[in-house]
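Several structures are given next for inspection.
Each of the next two complexes has chain A plus one more chain, namely chain B in the first and chain C in the second.
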Partner chain A sequence: MSFRRGSASVVLTALVMGATAVGTPLVVDQFGLLQLTVFAAMCILALSLGFVWGYGGILCFGQSAFFGLGAYTYAVTAINAGESTLAALLAIVVPAVFAALLGYFMFYGRLSDVYLGVITLSVTLIFFNLMNSTAGDAYRVGKARLNGFNGMPSLPTLNTPGDPGRLLDPTETYYLVMALLIIVYVGLHLLLASPFGRVVVAIRENESRCELLGYDVRLHKLLVFTIGGGIAGLAGCLFANWGAFVSPNVFSLTMTSQIIIWVIVGGLGTLVGPIVGCLIMQYLATELGSQQLANTNLIFGIIFLAFVLLVPRGIVPSLRRLGARHLGPAGAPARAHE
Partner chain B sequence: MDLAAVLTLEILNGIATLVLISVGLAIIFGMMRVINLAHGEFLMLGGYAAIVATNRGVNIWIAMLVVAPLVVGVIGLIAERLIIRLLYGRMIDTLLATWGLSLFFVGIVTTIFGNTVAGIGAPLGSVGVGRYNISLYRLVLVGIAAAILVLIFIVLRRTRLGLIARGTMENPDMAAALGVSPPRVYAMTFGIGAALTGLVGGLLAPISGVLPTVGAAYVAKAFITVISGGTAILAGTAAASSLFGSVNQLLTYFTTPVIGEAGLLTAAILLLRILPHGITGKLFRGSL
Partner chain C sequence: MSEALLETIGLSVRFGGVEAVRGVDFTLAERELRCLIGPNGAGKSTLFKLLTGQLKPTAGRILFRGHDITGHHTHAIARRGVGIKTQVPSLFDGLTVREHLWISARRRNPAARTRAIADEILERIGLTTLADGAVGQLSHGLRQWVELGTVLAGNPELILLDEPAAGMTHDEVARTAQLVREINRTHALVVVDHDMQFVKMIARTVTVMHQGAVLVEDTMDQIMKNTIVRDVYLGTHARS
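Let's turn to the complex of A and B:
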């Protein structure tokens, strides 16, 4: 019963997202559409952490490492290959492989939660420093100059697979990113409903019990981490493609803390939560950026603190609890799945 | 010969820097099991305190050794009272809350001082070693790092305060039963850790300059050192700093600083794969 209720709400959410995707270009101008494209790309990034942290129970503070790696992989490959299909694929594969490698050391070393957080954070910061220092002609991969802190401008954007001359226009890119967002959202839900996903959630709830039941905890965590890395890489690829630009800021502390805030604000242990959190905070960041009223870091810091101290569950789970209290137990969502 | 001497000094310097930037964090983590993600911002605040005081005409040594630790110590006490205290025992929430705190500090300092580098000149000159020049101030830093470690050892081992702190760390309930108030000990520990961090921030300001986001440059190294060190505050910090400081400086010398930093991280990840509880989880067990 709980499973059906869960899948009904997933289908509903996916339909709402689909309707939004199709409907918005009719009412929004080109600028708004570009804005929505980057919001959707960021939502995919938020989903990747929502999955790894909220369901896998892996405290990853370095999701932006995979995001940035995806963006840079796309940039370098697209410049060298002169077409985007291979670049987009590599932008998913390279971060996933890197996540697998890093995850092997962390999970098979049986590091605890907090250590994971600190190590992933450190990896991100080292990437940030590394990319910042690649200024100058010496640092190039094939035809692509890395350009250090200046970033890599005018990247080739996505083209129709097999036809490098035919670039996607902004509206097509928007549809593509929205479609990918829905695919990732539904795909993650399907994954979580599978036996594999059940075990992953069980490991989050009680690691030693799962181990005693004979499940390979380390392997499951490694796979979750790898999938999360790949999804973050996809988001990075879309982000690089959106602005036709990538700079070391994709690895910065600001970037990585933003992802954490999206998930905290939206709610851990849901997939809608990170999307909601991401949209709210992105909107806020854009407004703050254009109004110059107060420093964005300052406001984000206060929101972050307020949520950890006052609304530790995040918006979506809190609303659900509120709803459940009013509707009675029948309205309570199944926790294991949703 | 001269090269060997200079290289040795470089390595000593690298070790001392690691000891300095991680010691405050090590105290707070070792005693309270709280990972303070605002550690880098405490360093940054110490740097600004020293620079502002020096520019107002305070003697540079007083600014670095007195003003910076006082200011940051007080900030640490306030943060402990308002935020950390509410979250004891919830390690991950503390981690997140201090992250929020770190963003808050970056934001507020950017608002006040602007997003530009501030700096003061390093005191003392340099001495010649054969064909090379060595900054005297960097030598002083090595001495200060050693002095801080010795001081912490004496306080923890020889004083009543240290005894109470170690007892509370070992078993808070028992300490409370014996009439010690653990919250007060925690508050004091956090304050002292913050003050030490502020002191280091002040000391590093002449070398690296300060900018609102400078914390990020230190914080990764500090965390890696503390976590690889393990539970023993002194032995762990000293051992991990020696190892990583040498790796970092040697790689930096022969390649670039960034490769040095990446090498440090790789060494740490390999080390934690072999010793998941840090160096002192296996070696030097039971040391301070």
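Let's turn to the complex of A and C:
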């Protein structure tokens, strides 16, 4: 079956990612490792949108809502509980439940693409404004002060489950985040190869045909959206951990548009694409941030426009096509599931 | 008389000032093959959309095996056993022929059985050699067969075919007629088509629709002789 060929490349990609993860600490210093940790956390976020949008066909402009919700859930729970295990779990569950609720109204209300984009974008901006206005002593959840636009500093970082005194050091955190990235990547591939995943792809291709074959489109989309929300929440938890800090900026327009740019640049409808796009753009952001020549956002805007106009498929699908053209028909027809 | 497979009672749908389907009483027996003809705008495709839940009727009821399915969701009606090949083939352009059959059959079958069904249907519709190519590149006639096969793979009890022979060569039309007769050995079908040659090849009982209502229902021979039918198709001035 057509899937076999796809699964070989997935295993290969996962192995390359694993080898990179293990090999990098040997050649990179502590600072570089920290940098890679946040890159990998953001790659998980990019994967969540790559899945929801690229495979579920759900135009979500507010993926940062679930990312931020995960980050804040982690912060508030970790401060109150004094350890990180429950906080990390809730950072996945709370955004997933929120995505399920929001998704229920959107999908069962039969809203179409453009409205999904507008609603999800509004939701993240509502969170942004809400969290910005929580400055002052009155805004606290248990022991945790929300601190408005100043954000919440000095968060307890991840500890070994069951042992709050044993915190993970930066290298251990790096390995954990890399392992989670690989798990999410492989897990999403397995999901897409399952009957559920194949129906999801079919729904993206033709919604009404799926209904006429007896599949409940609303339910499938709701599940995709919920899973995407949970994964974005996990990324938020890891991000909050990385800097031991969270601020309303996780919900900002800059944040949510970045995720879209990662997916567009890397390639919609693939899972490697969002990872590649995210790495390139974050590397660029870091480099551009350390010089004074041009404004980073301006350059991001130019790159985004250039890709939409010149490379609309994104890097990974374009390279695949190029490869297919030169290597003959072996890899020819573009696979719908990667 | 045995219980009807499908029955509509006073089925109507109105779009603004236009009543596209007007009080249609339609009964189909188990394993019946019925042809539904009528000039453009007669309401044939709209009737199909009502039967599959893509449109909600403004009045009337639809009974399938005695169950009232009026206003049910499209997927729920499909789960009860109503399959449809739409007028413009509705396919997953990025997927292969085999994947179409797989998606359709997998809902009710375990993996191994699904693969067997896909192979069997590929054989039946004669597309085994094209099984692993994307359907986006196929001709209109082949796309018709892919959709027919996709519907068959789900093994629905009632199959609605909206213009299954459109865009086909003469040989392909004959092959489609043969397929329809084969399917009819085990399934009930309602077939809409404009191609009278095709209708003649398969028809026993024919229902003629005109301006949203059922005009007449009779055997093919009688329909061909019917002057009213001729008038609605060709207009009264065509009478010699």
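The working rule: the second predicted complex is superposed on the first by the 335 of 338 C-alpha atoms of A that agree within 3 Å, B and C clash if a C-alpha of one lies under 4 Å from a C-alpha of the other, contacts with A are read in each partner's own complex, and residues count from 1 in each chain.
Simple rule for what comes next: a contact is a pair of C-beta atoms (placed from the backbone, for glycine too) under 8 Å apart; a residue touches a chain by one contact, two chains touch by 3 or more.
From a predicted model like this one, the values you see are computed outputs, not experimental measurements.
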Task: Per-residue contact with chain A, leading partner among chain C and chain B - done: B
- [ ] Please indicate which partner A:Val123 is in contact with in the superposed arrangement: first for chain B, second for chain C, both, or neither.
- [x] first
TODO: Could you tell me if A:Leu176 is touching chain B, chain C, both of them or neither one (first, second, both, neither)?
DONE: neither
TODO: Please indicate which partner A:Asp216 is in contact with in the superposed arrangement: first for chain B, second for chain C, both, or neither.
DONE: second
- [ ] Return first, second, both or neither, reflecting whether A:Val201 touches chain B, chain C, both chains, or no partner chain.
- [x] second
TODO: Give every residue of chain B touching chain A within the complex, in rising order.
DONE: 35, 83, 86-87, 91-93, 95-97, 99-108, 110-111, 213, 216-217, 219-221, 223-224, 227, 256-258, 261-262, 265, 268-270, 272-274, 276
Open item on the list: Residue numbers of chain A touching chain B in their complex, please.
Closed with: 59, 102, 105-106, 108-111, 113-115, 117-119, 121-123, 125-126, 128-130, 133, 252-253, 257, 260, 264, 294-305, 308-309, 312
Task: Touch list for chain C against partner chain A, complex - done: 52, 54, 73-75, 78-79, 83-84, 86, 90-96, 98-99, 102-104, 106-107, 111, 132-134, 150, 154
Open item on the list: For a test of understanding, state which residues of chain A touch chain C in their complex under the given definition.
Closed with: 1-2, 195, 198-199, 201-202, 205-206, 208-217, 333-334, 336
